[in-house]
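To keep things simple, chains are lettered A, B, C and D as they appear, and every chain counts its residues starting from 1.
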Amino acid sequence: MPDLSGADFDVLYQRLRGQAQWGTTDRRGALNHITPGRVAAAASEVRLGRTVTLAAPLASSGPDNPEPAARHMKHLPSEPSEVAGVSFAADQLTMNIHGDVDSHIDALCHVSYHGSLYNGVSPDAVTSQGASELSIEDAHDGIVGRGVLLDIPRVRGVQWLEPGDHVTAADLAAAEAAQQVRVGPGDLLFVRVGHRLRRNQLGPWDVARSRAGLHPQAMEYLAERQVAVLGSDSNSDTAPSLVEGVAFPVHVLAITAMGMYLLDYLQFDDLISHCEAAGRWSFLTVIAPLRLPGGTGSPVNPIAIL
Amino acid sequence: MPDLSGADFDVLYQRLRGQAQWGTTDRRGALNHITPGRVAAAASEVRLGRTVTLAAPLASSGPDNPEPAARHMKHLPSEPSEVAGVSFAADQLTMNIHGDVDSHIDALCHVSYHGSLYNGVSPDAVTSQGASELSIEDAHDGIVGRGVLLDIPRVRGVQWLEPGDHVTAADLAAAEAAQQVRVGPGDLLFVRVGHRLRRNQLGPWDVARSRAGLHPQAMEYLAERQVAVLGSDSNSDTAPSLVEGVAFPVHVLAITAMGMYLLDYLQFDDLISHCEAAGRWSFLTVIAPLRLPGGTGSPVNPIAIL
Amino acid sequence: MPDLSGADFDVLYQRLRGQAQWGTTDRRGALNHITPGRVAAAASEVRLGRTVTLAAPLASSGPDNPEPAARHMKHLPSEPSEVAGVSFAADQLTMNIHGDVDSHIDALCHVSYHGSLYNGVSPDAVTSQGASELSIEDAHDGIVGRGVLLDIPRVRGVQWLEPGDHVTAADLAAAEAAQQVRVGPGDLLFVRVGHRLRRNQLGPWDVARSRAGLHPQAMEYLAERQVAVLGSDSNSDTAPSLVEGVAFPVHVLAITAMGMYLLDYLQFDDLISHCEAAGRWSFLTVIAPLRLPGGTGSPVNPIAIL
Amino acid sequence: MPDLSGADFDVLYQRLRGQAQWGTTDRRGALNHITPGRVAAAASEVRLGRTVTLAAPLASSGPDNPEPAARHMKHLPSEPSEVAGVSFAADQLTMNIHGDVDSHIDALCHVSYHGSLYNGVSPDAVTSQGASELSIEDAHDGIVGRGVLLDIPRVRGVQWLEPGDHVTAADLAAAEAAQQVRVGPGDLLFVRVGHRLRRNQLGPWDVARSRAGLHPQAMEYLAERQVAVLGSDSNSDTAPSLVEGVAFPVHVLAITAMGMYLLDYLQFDDLISHCEAAGRWSFLTVIAPLRLPGGTGSPVNPIAIL
């Protein structure tokens, strides 16, 4: 049974949208929370000089990956070459930008709700040629700031949240308290639900039907804290949805209402051991989307630097 | 007329290979020059909190791009959706990893010379399934360090180096002096030849025939300085080659002899104005290759943070 | 200077559209001219038992092929296999359906003119998911009939028509007379302009600017003769266009007005020698589009059987 | 438990290979059984003038299709166009040539057994650039002949053969008797096991584990009859294999020993009703592989003409 009626959700949507006030021509959304001063401060998070990936390797076909990415060889270095004195290994990549397993970032054109993209931009801005507005190119200089990881299974004392379970604002607050970190303005917030650990241990399942994520009302917490970006090891939305008649309410609230880029299907298991060893859950983070003109997002490998 | 005979080149090759001594099982090559201490020091380069892309947008077909990348839409947000209450923009990407225009990084499996990849690894390690050794996955935690940009056209007082021209060790030293910066151990060295500015102003040309790059002997300078990574707005190799019988001598020296990742066809024109304004030519740099198991490289968007 | 004003073209368009009367729900268009009786009669054209391709091999990149098809290997038979006792060669294909060099067929959804596809179908029938009407699946049982080749360079006494030149109804009549063949109801008409021979001998050029084809008024000749399908070794349209303000008038007339499938960039040079040897210019022809649901056309290899 | 030991299989392999005697340079294999006279005779099979597809539409992802083909739109006709006066629908196709659901033909380079392709050709003839010998281009003029459909479920009085079941030479003889047709030299033999009907009715399953096909010894029957091509609605091989240590024995016997092109995952359900109505099980058949230089096969839509 959904937690939120469609009407209640729309009230929430309007409230969050009303807080995203950077002018009618704004295309950066919650990235506006990242200021030069905050970037410089985030750099001071680097103490150990350790770098860690927040992405997972490309996955092969499975119940959560019906159209897997493919990498094909174009030339093998063991073969004769047309080039003098040298032989190359070269390959080619074909992949969907979105999906339910490979780590990626959603651009602000990714979600239309009530006939509108972020900040009133018409969905017609996206044609077969791509997005003329709100494409991933709007983040071409990268997204750099202080990353904070909130590890919900850790604070709940479980290995992972079961599919269908959700993270509330209270969970976020409890994780902050347990981890002794406070999410603040311009932060890149990473919420771990344990999705990937479960996948590694039990194997993939049909996540379109059953997936842990955030409760839509938890987005108010992110708005209050002026979070710049949200990433998760799931896609932040639960399945089934907690909202009547709206399948991806967190996507709608984050991207369309708040102008907040989402990072889906990240991998935090490498990062956790570094955080635990350091006794710290914040770090400099650099997200470098590919420069895909008109693109609705990008595969990414966010790098945490402790 | 080539500057270097094949025999002289092999002497150079052996000398540089002999300096890359990290053990027979090493797979990181010149990345070994990047230590945690150097990463932490590089973070202190961040002062302004400004971030800048070092990549160019995906290019369309042209004389330097006979097999262009393609981005196709999978769903438009203006169209009815099968998902309740929301409509998505989604797309798909097909691209060659290497080539002569899109910004990318070469993994250490990319080049075979004299029947060997870096550090004696057999070219047979690369099959139709990809590279079982020396793939781009070896850099999955990102490449982070102090970036230094040496702007050769600036020190020479020209807009760009003409195709076929080359950068010598003396050019690098002159640029260091003029820019008041010194390349040191673990640095990510970016050498600008003006390739992209020329392309933007005069249009693309057949760069396989005619291209500015580094003189192969300049690689000794990089070895002495213990550079970790080399990037250029061309592919670092001149065309025609300056070496008799070897088409890509800088690729061979950097990747196969020195174990040095190359970044090809970067874009420094955005960065230059930041550097000039700041009066500094060094900055924190984060390179985040995609996690492509078996891959020979990756498209990248390196981010400089000043 | 165009031969036809926009207004004159519209008169021609309406006249040809008016002759295509198979009811408001028809989706087969000129294929209706092919009756079982005519298929059976076409089979009697087979006398020698010789089969000939009317397609060219996939082309590589060139001025007429800015986004070339690619075929990549997935497994090599010389490599160890996960399959017991056997090793496979396998590959993968990526290609645009249309373009200016690879042999293909255009489905009836391919062209919209004055806001309409063939027979008043809305262009909105084609979305990012493909064509819900008039897709190539409408020809899934193949197109089989009597093929007739009219060789215009032959009757004109030239090697090929120069780019920009056009074939008139008089040319078609002259070729019929010279070749002693008469195009009739349900025939698959192939008009050779010599495009591919010129390409083979002089190399590719930018055909988007300069291309031999049919004069738009020649389509009246095809309508009178009740031709079922038109194929050419160019794309049947001249460049520049002979019609003011309409870039592909033959495509518009054939596909949108007449409901006639077009076959573009076929290859007749193999066929000619067979026809000359046999002293006949008609033959059984089988066109077998791939079964691509929603597709706007298909790569094809039409087979002539003499 | 396998029916055939590895040693017995090798005896069978050698015997069938010994019967394929068209000289050391032959690359056509069993296509040699198709003579011009037989093509001409096959044309006389056309009586009704009806054409029928033997292919299925491209399938989407499923347990038998882990890497599905994709068709993406490049332009929609409802969108503004850069072309004067007209707007196009255009798309792009990406697909694996082989696999377990889409109808395709296997070229003679597809299978290596005991370190050899057909007729002693080295597997090294296939590199990352494709097959330099035995590619699908060897069939570029199409494969045309008399097709004969043997419907095994019909003669057995079942809807379909259950996965794992196999067709014996006795089954083939029984079907011939029941259908009053005799397979002869140069025929294109189609053996229906009911795979596709089962898939349509029960949904897809993991056919790599469990699949109906031919018993390897039935290939002797095909050799005696001098069959030119074998097609099935499965891939002709059972799963699990009936041969100890050889996963695809029919592929090995047909392609490598006999030089016989295989057509996998065809669709006969449309054809059956035509055959039943006509009371005949033979027909003219045209197979038109795409012209894919170096290709290991091709998607196909074989057309039967009754």
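Details
Methods note: contacts are C-beta pairs under 8 Å (C-beta built on N, C-alpha and C of every residue); 3 or more make two chains touch, one makes a residue touch a chain.
Keep in mind that this is a model prediction, so the values were computed, not measured.
Chains that touch both chain A and chain D: B, C.
Same-residue interface: chain B and chain C share over half of the residue numbers found at their contact.
In this assembly, the C-alpha centroid of chain C lies 27 Å from the C-alpha centroid of chain D. Separation between the centroids of chain B and chain C, computed from CA atoms only, is 45 Å. Measuring from the averaged C-alpha position of chain A to that of chain C gives a distance of 47 Å.
Among the residues of chain B, those touching two or more other chains are numbered 70, 73-74, 76, 92, 94, 127-129.
Chain contact summary for the complex, chain A toward chain C: residues 70, 72-74, 92, 94, 128. Considering their complex, residues 60-61, 66-68, 70, 73-76, 79, 94, 127-129 of chain B touch chain C.
Only residues 6, 35-41, 43-44, 46-53, 55-58, 71, 73-74, 76-78, 83-98, 103, 107, 109-113, 117, 122-124, 126-131, 137, 140-142, 144, 241, 243, 245-248, 251-252, 270, 284, 286-297, 299-303, 305 of chain A touch chain B when the two sit together in their complex.
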